[in-house]
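We just call them A, B, C and D in the order they show up, numbering each chain from 1.
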Amino acid sequence: MDLTFTPEDQEFRERVREWVQKNLPEEWKDSIPRTQEEREIINRQWDKKLYEGGWAAIAWPKEYGGMGATLIQQLIFNEEMAMADAPEGLMHGKGMLGPTLFKFGTEEQKKKHLPPILRGDVVWCQGFSEPNAGSDLAALQTRAVIDGDHLVINGQKVWSTWGYLADWCFALVRTENTVPKHRGITYVMIDLKTPGVTVRPLDQITGVHDFCEIFFEDVRVPLENVVGEINRGWYVAMTTLTHERSTAYLGHPIRFRNQLERLADLARNTKRNGRPMSEDPVIRQKLARSFIEVESFKHIVYRTISSRVRGEEPGAEASMAKLYYSEMLQRMTELAMEIEGPYSQLVRNSKWALVEGDWQYQFLYARAATIAAGTSEVQRNILAEHILGLPR
Amino acid sequence: MNFGLSEEQSMLKKTVRKFMEDRCPTTFVREMMADAGGYSPKQWQEMAELGWMGLTIPEEYDGMGMGLVELAVMMEEMGRAVLPAPFVETLMAAEALLQAGSAEQKKEYLPRIASGELIATLAMDEPEGFWEAAAIKAKAVPEGDGYKVSGTKLFVPYANAAGLIVTAVRTAEGAAPEEGITLICLDPKAPGVTVTPLKTMDQAYRLCEVQMDGVAVPAARVLGEAGQGWPVLEKVIRKYIVALSAEMVGGAEKAMEMTVQYAKERVQFGKPIGSFQAIKHRCADMLVDIEGSRGSLYYAAWAVENDVPGADLAASAAKAYCSDTYFKVTAGSIQCFGGIGFTWEHDIHLFFKRAKRLETTCGDATFHRERIAELWL
Amino acid sequence: MDLTFTPEDQEFRERVREWVQKNLPEEWKDSIPRTQEEREIINRQWDKKLYEGGWAAIAWPKEYGGMGATLIQQLIFNEEMAMADAPEGLMHGKGMLGPTLFKFGTEEQKKKHLPPILRGDVVWCQGFSEPNAGSDLAALQTRAVIDGDHLVINGQKVWSTWGYLADWCFALVRTENTVPKHRGITYVMIDLKTPGVTVRPLDQITGVHDFCEIFFEDVRVPLENVVGEINRGWYVAMTTLTHERSTAYLGHPIRFRNQLERLADLARNTKRNGRPMSEDPVIRQKLARSFIEVESFKHIVYRTISSRVRGEEPGAEASMAKLYYSEMLQRMTELAMEIEGPYSQLVRNSKWALVEGDWQYQFLYARAATIAAGTSEVQRNILAEHILGLPR
Amino acid sequence: MNFGLSEEQSMLKKTVRKFMEDRCPTTFVREMMADAGGYSPKQWQEMAELGWMGLTIPEEYDGMGMGLVELAVMMEEMGRAVLPAPFVETLMAAEALLQAGSAEQKKEYLPRIASGELIATLAMDEPEGFWEAAAIKAKAVPEGDGYKVSGTKLFVPYANAAGLIVTAVRTAEGAAPEEGITLICLDPKAPGVTVTPLKTMDQAYRLCEVQMDGVAVPAARVLGEAGQGWPVLEKVIRKYIVALSAEMVGGAEKAMEMTVQYAKERVQFGKPIGSFQAIKHRCADMLVDIEGSRGSLYYAAWAVENDVPGADLAASAAKAYCSDTYFKVTAGSIQCFGGIGFTWEHDIHLFFKRAKRLETTCGDATFHRERIAELWL
């Protein structure tokens, strides 16, 4: 039990901090309320800036342009980015496709796809979920039939984050119907400019559309775009997901802590009949509860990293982290609404809106937190079955 | 002893449900969300023709002379439909007139309200405070036989559409904040009044800022005795929160029905998701919360209507309970719907956002629990 | 919607009130903390007093010595008893066996068993649950084999309230193994003095034993003690359960309201560092929550009665009432513990114990509320399946 | 950076678990529940021989010189076993001596504590208050070179067995309640001291009343400077609540393990009950609460041991979180066990009752959340 960092790591932290301080424009800070369009532009520009600074994908092996950073260095990097309130970038390519290609990609695939991701030139999105394959992802039905040296794809994907921005999509498609459902799935990279592809943004309850539907109508994709073997796509995707999920949250504790401090500020600055809400004993209980949860989430992340550093394999801890922070986030944003009272009605661009109506957006957006990337119910199943060994 | 609806009340319920299904489907609600005024004058007139604007107005003023239980029945159905219109506020402004208005005032306003000609609303909250007497700071200084009023009212429902705003202002600083409050019949068209619609989360409802800048209010427009406005307002609020509670119960029930329906149809892992206890028990809890809330609601409606001892407690209990329930049920519904529940296209967010607005109107659950403690302990 | 009572009902209420005021000794009041033994003695004596006063079982038909009381009269009677804080008596015979015999019993059975129940001479207990048949009651395994004009019973029952006091037991036993489990069960009345019966009180976490185990070893019971047909016992029991459950809670709302007022008193009288806990804003929130719940529970009961009066059949409402009040009761007793702070440790007969340690007992006892007579989980299943129509 | 146990710490954990499994099964706990003293001197001596009474006492006083993380490791295991003994109080009394004791006092008491010869405990709460400085009212008036002390202490752990009671008394009335508090080394055998064991829900632990009736306390028995006792006590409490949090995490984990085991074995409706989501998800929530609690616990242990900024916050966070978790987990466990969980015979109630006692020691969850708000907001 020792929460101090080595001098080398400390030095690495200084380097990251110095760079980000120099290179992050004040107006790009992530917690500044802004429109989706503004956010996209900044995300793209930031990705390019990271590349120029040599920080594009520090976790990637050096041979592919990364730094081969240790897990602790990844933690530090993410913490510093969070501390500086830097944008998170459009990270599907770096965070999800990249690691998949290292492990399952051909040399050609790596050569073709990794450099543009690194440079921030090509944006990727994920094509996993379908209207009838949500929690039950393996029930996916988007059909791919081999026709010569191509796959011909028909079907529909949904919940593809940034789909409308993306150039390419990594997707799971069904290539075999006569075997148990996990065994007939193939992992394939699809150029979204291919004829037959239609991307449609989904309007959300926030009034914004981060998520998209993608329709495939006789879309011809070269077989060389298959990652791993035909019909082995489920395992390709799951391996990466486990990997990705266990490091996806490295910067979250600090981002949540910052959000918590903004919540405390909201309570301090919101007066009700002359009295700051931060002095209200009932609100104080709830703020303290959030404080405890945000801190504990950090410890959950730290403990996971430490066990990885000690050489333990990533397991279902990612489910715990995800379940934990998503439920916590909902409580935090609900508390913000409670603090605001009737002001909680006022959204962005309304006269009298508090903090530019940002908490309203966060409140609505947080409803997705317990659904996307595995509902809380699915996470509880995973925890109960994989960690506690309860029967299916 | 009958804790349930009479035949007439059941009939009323059916009529309103039928109307709402026909005339207020969610496609209509969505139209109104995009509409500048936020409601349909045509629909308003249709409802008026059915006599609903006069539901709780005595027959002598062309109303139907019914009570709070009937209003609760109606509001439940309007809640199911997420009705975009200042229905309850109009009736509550009428209530203020009934409580404190002079014979002339009643004659002037009530028949026009009952006929649907006059939309009315209430202005209480202000930028620096809300839900309590202390919040009322808009200043009225004597001028001529009346007052000159200045101040800002916030979250005023449909002030953009109203011809009458029953407004609480302060004519004196008393020892207690409840003293010195006066109700006035504000004409939104009067010089010095500026109405600004606000952008709200519940887009199917208009909340406005009402700015009063040296507005001349003649004595004839003062409602009841000067300085004695708070007790009147309290009585109005007591009915108002019961009506809102009914809207919440109706909305929650509809949300639950939608969820249960989906849980029966949506198949994942080879089974309807409603067969999984995570969903099934959540739905059962919704049912229990809704039935518990409905009990508290109808008891409150009956108790307030008959002014029995404990009616204040009952009203606050209903508002607190129904607020919690509507939010909990709609949040749970979104979770059961999963991804599609997060889309704009799906209707569940209309209910979720309505829940949030109603919760913060005239005191949230925490506020009313504290009020229960005050009255009870 | 009219919560007033007719003059006749009002008069009936006066009659009950007058009688109970005259006949209930101050020291018998139910909420006075006392030992289990004291409570039993009072319950028995009170049952006899009710009989003498003509109030033993007002819901029973007149022909069997009841009053044929209307549901509203039953409500009034139970309310007045609750208001007077009267003991509840040992009601298994009156409340459960009696109604079963009206419906399914032979003339001989009625003649033999009903009068002693009415007089309070014979105490009955229930023999339904078994160690391996709890929530899954129909899985019961206590075997009964027909041997001439007797059943020979072997097996074990558990959770029989007042088993150690009881003279007789109405039980469900398995008479047929080759059919689906609900169809091989028989309802039988067993004299607990029959050789081969052993009753063993179960010590509980409260330190008290209300519940018992009953062991049967070659117990011979005359076939004339079977109620209804052989192998139809499940339906016999369920019919009565539905009936019983829908009127079992008539007096509860007032008893809970009284308990709530005692809780408010506890808060008023418990000072922490000079300040009454009733002035603590956080405690006030929780007290108000309990207030709302207790009141709402009353409305749930009233609505159920009203629908019965209007002629609607009892359905799953009893599950709702049971689920509601059991969870509410746990919260109330937990709140009492919170109000007491470290005093919550001090139990009956301890120096410094608050309110004679009664809340401690209630707190522990309340853990059974969500388990006995159908767990909360079972009630949620019933509500979801029977009222909402969700699939099994 | 390693958020986890070192090899030595893991080894310690194993040793303690082994000992507890062998020497403190629940049959032993039940024996102690019925025992007048409520602990076993023999077992105490065995633990002492392993050096545990001196775990956090420096080597110069015959201790092992370890820190709060090691103590937390040990307390987790003791929590799993529902240990009936004043282990943590003895170590915390030693901590008070280390914080404020004179060289003589340390020499007098610490080696005897480390050897197991001397059981010690803390007396803080009083009939009219607890958990706060204001609660301390037991009066100490100067007499000779020392004090004459009168007052009543409640909920004193194992005062019946202790040879030393570190007691907080008031030697002066200051402007703030934190001023004027003095710690004394009370000898329970001194004339004027009466110790009365109380009947408690957690029968596996003795809490006592300590009555002081004009007890003469010589200057040599005053711990630290007169009137300066509160800051010392605060430091001790900070470690105490971390240690208690560890006991709670250990107990909660054991309760969860018992529940999960049962859920795998118990069959109803033809399936293990652990395959029903009502049970399965409840167990998953237990796991999450326990892992969250454990994180807050070890961070607090490390932060307090190293006295980093925010250590007070961390300690209160751990106490609040672990209190909630232990109660929630054990209450949920009883529900999962169903009827047998309500029997005396089954062990789960030992944990449930222990949870309740630990929760109310040195501040419940609500108290510590308010404290977090004080320190943070």
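Criterion: contacts are C-beta pairs under 8 Å (C-beta built on N, C-alpha and C of every residue); 3 or more make two chains touch, one makes a residue touch a chain.
As the structure is a computational prediction, the values presented were derived from the model and not from experiment.
Engineer: Across the interfaces B-D and C-D, which one involves more C-beta pairs in contact?
Structural biologist: C-D
Engineer: Work out the mean Cα position per chain and let me know which chain is farthest from subunit A.
Structural biologist: The most remote chain is C.
Engineer: Quick one: report the Å distance separating subunit B from subunit D, using the average Cα coordinate of each chain.
Structural biologist: About 52 Å separates the centre of subunit B from that of subunit D.
Engineer: So, what's the distance in Å between the C-alpha centres of subunit C and subunit B?
Structural biologist: It comes to 42 Å between the two C-alpha centres.
Engineer: Mind pulling the residue numbers of subunit C that touch at least two other chains?
Structural biologist: Each of 281-282, 285, 377, 380 in subunit C touches at least two other chains.
Engineer: Which subunit B residues sit where two or more other chains touch them?
Structural biologist: Within subunit B, the residues that touch at least two other chains are 276-279, 281, 366.
Engineer: What part of subunit A is in contact with subunit D in the complex they form?
Structural biologist: 1-6, 9, 72, 75, 264, 267-268, 278, 281, 284-285, 287-289, 291-293, 295-300, 302-303, 305-307, 309-310, 320, 323-324, 377, 379-381, 383-385, 387-392
Engineer: Which stretch or stretches of subunit D touch subunit B in the complex?
Structural biologist: Spelled out, the residues of subunit D in touch with subunit B are 276-278, 281.
Engineer: Considering the complex alone, what residue numbers of subunit A touch subunit B?
Structural biologist: Residues 129, 131-132, 134-136, 139, 158-159, 202-205, 207, 211, 271-274, 282, 330, 337-338, 341-342, 344-353, 357, 360, 364, 367-368, 370-372, 375-377, 380 of subunit A touch subunit B in their complex.
Engineer: Within the complex, which stretch of subunit A touches subunit C?
Structural biologist: 280-282, 285
Engineer: Provide the residue numbers of subunit B that touch subunit A in the complex, in ascending order.
Structural biologist: Subunit B reaches subunit A through residues 125, 127-132, 134-135, 154-155, 196, 198-202, 207, 209, 267-269, 273, 276, 278-279, 331, 334-335, 338-345, 349, 352-353, 356-357, 360-361, 364, 366.
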